[in-house]
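Shared between the two complexes below is chain A, which has chain B as its partner in the first and chain C in the second.
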Partner chain A sequence: MTALTVPPRRRDWRRSTAMIVVGAVVIGAFWSVDVAWGRLGELPAQIIRYLWLMFSDPDWSKLPEALAQTWKSVAMAWVGTVLGIIVSFPLAFLAARGFSPAPVRWGLRLLFAVIRAVPEIIIAIVILSVTGLTPLTGALALAIGSVGTLGKWGYEAIEGVDPGPIEATRASGGTTAQILRWGVWPSATPDFISFWLYRFEINVRSSAVLGLIGVGESVTCSPRTLSFGSGRPSECSSSWWSS
Partner chain B sequence: MAVSADDTTAVRPTPSAVTVPARPGGRWKSWCAVAVVVLITAITLSPQWGIDFSLVAIARNWQNGTDKILLLLVPDWGFFPRTVPALAETLQMAVIATAVAAAVSLPLSLATARLTNPNAITRGIARTVLNVVRSIPDLLYAAILVAMVGVGALPGIIALLLFNVGIIVKMVSESIEANDPGALEAGRAAGGTQLQINRSAALPDILPSFVNQTLYVLELNVRASSVLGLVGAGGLGLLIDAVRTFYRYDQLSLIIVEILIIVMALDVLSNAVRRRLV
Partner chain C sequence: MVVEHTSTPIAPSPWSVSMRDVSVRYASGVVALKNVSLDIEPGEMVSVVGLSGSGKSSLIRTINGLVPLTSGSLHVGGFQLETARAGELRRLRGHIGMIFQGFNLAKRTSVLNNVLVGRLAHTTTLRTLLGAYRASDRQIAFEALERVGILPKVWDRASSLSGGQQQRVAIARALCQQPRLVLADEPVASLDPPTAHEVMGDLRRINQELGITVITNLHLIDLARRYGTRIIGLRAGEVVFDGAVEAATDEVFAEIYGRSVASEDALGL
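For the complex of A and B:
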């Protein structure tokens, strides 16, 4: 039996430079960041202490309030998602290639990108001045945030649709509206529905955090009480359980 | 696919010759779904049960809002020097968290996929832990961690790390499951241990999706770490909280512009890398 020769490893200088650059950036970040790494040693003990504080004796008397706030959070997320869907749905079609003029398309894509770059909390801070510290502010912030992601996923899904049915509809004399209805929509529906559900999930999660700036108040309990020590951490565990 | 009268018009034979087949049944199901959605929306919009969606408040305070938005349109460029350290900290937090998360996630994603970890017990444990980790939002982690290890970048980094591991492991282990098991079976047939199979057959397969997810997470981190400071976990958020309480909307808009530029630059960069990769 002849000896097997292992083929030589392929050397790719581009890959190695990329690795070196990435390594340098990471090491640079570690080296320059101002962090008391020593505090890391205390973490395990602290985790156990806090878990004990939170779950050994949850404050069950807070449960009804926690449930009410959780419902408010979910309602906020729902309204935000529905509004986001209503706005983003037509915009997604306008942003897709082949259904609108290029300037409109690029304008909308830029808009989606800008919205996606700004965290929801900042959107909420901006519209806070109009609607005040109400759940409505949260819902609107989530709606605007949803337009950014749903719009992008939407036009990508529309562009990814199998061109066959579209061509068939066009060949049989369909107008643009008919092409959208019979060529695009039937194959894009599952994508759209899964995006909407996924975005709702994201909104439920972010609506819980919008309470930080006082919107909707689902977690005004946790961070404030924790960081200022004004309440028992156990008050918060019941609200997390329920969510 | 539904066939309607539109499809028949192009053919134009004598109309009586074409029989349009009956629409498939079961359409009432989608109408029911729509009705349920409308009902839930109505409940959530009602002042009594839901969030009190009143347009009156918007109409009343509209002036107030437009003033703020006008302020937002004119960023206070003089504020820039003060944002630089916070901006740098945000980026440092994002990079460190992404790097550590990537290192931790690779073995974990192999451990949570059925093809690379046939042991049901360890796989179940790993999956359960990760599901719990993923269900908690990053800001909540940051809030608790600030209480545990004190204010600064450290709680922010750990919060991002937990948040990232959840995402990367889920995505990558799904892509392992979606891969062709042939190579893994070949490895097993050649007598490799599970570790060897994972190393030489599974790893090369998942590397593109792994790098992809890591880039995506880096983008998420820049965005997330800019708000973690709201709970005291370092970065731009501390600054956002400060300018917010003083209603300095012109300074807030400068911060938004900075986040925008960085996120978009990262987007361009990661798109370029992705194109090379695929």
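For the complex of A and C:
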């Protein structure tokens, strides 16, 4: 048997540096949060205790109201998602490489990133100064939040599609819009639909959080209740949708 | 559904191609074509041969403007490519059918929607965006599918078809343009030998029955000889042979390939 000549493995110093930095951050994070690891053993018992507290003695008289609130929450999430889809859909195409000028692309990507960095509850607080404590405020906050994630997922899906049909539609004389419609969209459809459904899920969850600041409550709740410093986020969180 | 057959030929009048000292240099610095001069007459069936990297793909992509020429002049149909604007290039491409090695179908939509891509340049944008093609455009699509014998699959998803069937759909897509010129880039390199002959036969029928000019890139010698009437040999971006099939001997192919011809250079069926 002859000796094998294995070529030397190439090291990418940028990659190595990135791995070391990320590793250091993770270790540093664990170090700094000061987790009481010793209490980890109590966790299962605590989970059971909390589940017991939550479900052992339900007040069935509250059920109709709870269901009504849940429905309103879902409705708000639905409106927010649909508005988010309508706005993000064209923007995602404009943000994808190869279909619009670079300044437009980078501007939109920055916009999506900024939106994603801001929690919906902050967006709601900002826009309620214009729209007031109405259900619309909640839906708009969710819609804006949705644009951040749907826009990013959308352009990534568009950039990831098979380039073959794009070349074929271009070669048959298609305009950019036609290339997007028949070269990109058929391949990207399943991704888009799954993103939309996932974002709807996120919005249902977020709409419950928005309830804490009273978005959706029109009459009984004044903006004073928004003083987070009191330690009581809202005095009217029990009925946060207009009724 | 019964589709009525019209007797009008699909190609009104085939196009010629005239290249003068065409060079193509990519942004990466790679020179794909060097001073290529060619005249292809209307209705010819040309095989372009050469090893991979010899410039075959660049040559046919220059003809429909997918690759811009760096210098020289190129006349296709009534279009002068070195000065053509974006809108003119789209109109030019609307008359040129293109067939690819990888079929390039939108796999998640129907065969019909794929074939109707051939009508994009001949329909208003709004109609194409909504998928609301005119009945006459659908008729052209049905006839194109019938011509390659695949009309029964019209409503199937493209991904459900075999490789040979997908390439036929791609040929139907090109025919649906009512092209004056068809460019095929290694159309059978992804197919098994019997299917390769069927697809090459389809291209020959397009040329013979409809009179459309066909330019096909091939690297297999027997296919190039059998299905072309003229052979153009490319080596490192230069034309090293241009003549009738009869003149393209094994010695000529050895010159084009830069090495002696071997059995792997033929499909052999």
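What we mean here is this: the second predicted complex is superposed on the first by the 161 of 243 C-alpha atoms of A that agree within 3 Å, B and C clash if a C-alpha of one lies under 4 Å from a C-alpha of the other, contacts with A are read in each partner's own complex, and residues count from 1 in each chain.
To be clear about the criterion, a residue touches a chain if its C-beta (ideal position, glycine included) is under 8 Å from a C-beta of that chain, and two chains touch if they have at least 3 such contacts.
None of the values given here were measured: they were computed from a predicted structure.
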Task = Identify the partner contact of A:Gln178: answer first if only chain B is touched, second if only chain C is, both if each is, neither if none is.
result = both
Task = Check whether A:Ala75 is in contact with chain B, with chain C, with both or with neither, and answer first, second, both or neither.
result = first
Request  = Spot which of chain B and chain C makes contact with more residues of chain A, would you?
outcome  = B
Query = Counting only touches as set out at the top, which of chain B and chain C does A:Arg105 meet: first, second, both, neither?
reply = neither
Request  = Check whether A:Thr131 is in contact with chain B, with chain C, with both or with neither, and answer first, second, both or neither.
outcome  = first
Query = Who does A:Gly164 touch here: chain B (first), chain C (second), both, or neither?
reply = second
Task = Give one of first, second, both or neither to describe whether A:Pro190 is in contact with chain B, with chain C, with both, or with none.
result = second
Query = Can you pull the chain A residues that chain B and chain C both touch?
reply = 165, 171-174, 178, 182, 186
Key: Of chain A, residues touching chain C in the complex   = 162, 164-165, 167-175, 177-178, 181-183, 186-187, 189-190
Message = Show me the residue ranges of chain A that touch chain B in the complex, using the header's touch definition.
response = 14, 18, 25-26, 29-30, 32-37, 39-40, 42-43, 46-47, 50, 72, 75-76, 78-79, 82, 113-114, 116-119, 121-122, 125-127, 129-132, 134-136, 138-139, 165, 171-174, 178, 182, 186, 205-206, 208-209, 212-213, 216, 219, 222-223, 226-227, 229, 233, 240
Key: Complex contact set, residues of chain C against chain A   = 64, 66, 90-98, 100, 102-109, 113, 116-118, 120-121, 125, 128-129, 170, 173-174, 177
Query = In the complex formed with chain A, which residues of chain B make contact?
reply = 1-2, 4, 6-7, 9-11, 37, 40-41, 43-45, 49-54, 57-58, 61-62, 64-65, 67-69, 72, 88-89, 91-93, 95-96, 99, 136-137, 139-140, 143-144, 146-150, 152-154, 157-158, 223-224, 226-227, 230-232, 240, 244, 249, 252, 256, 259-260, 263-264, 267, 273, 276
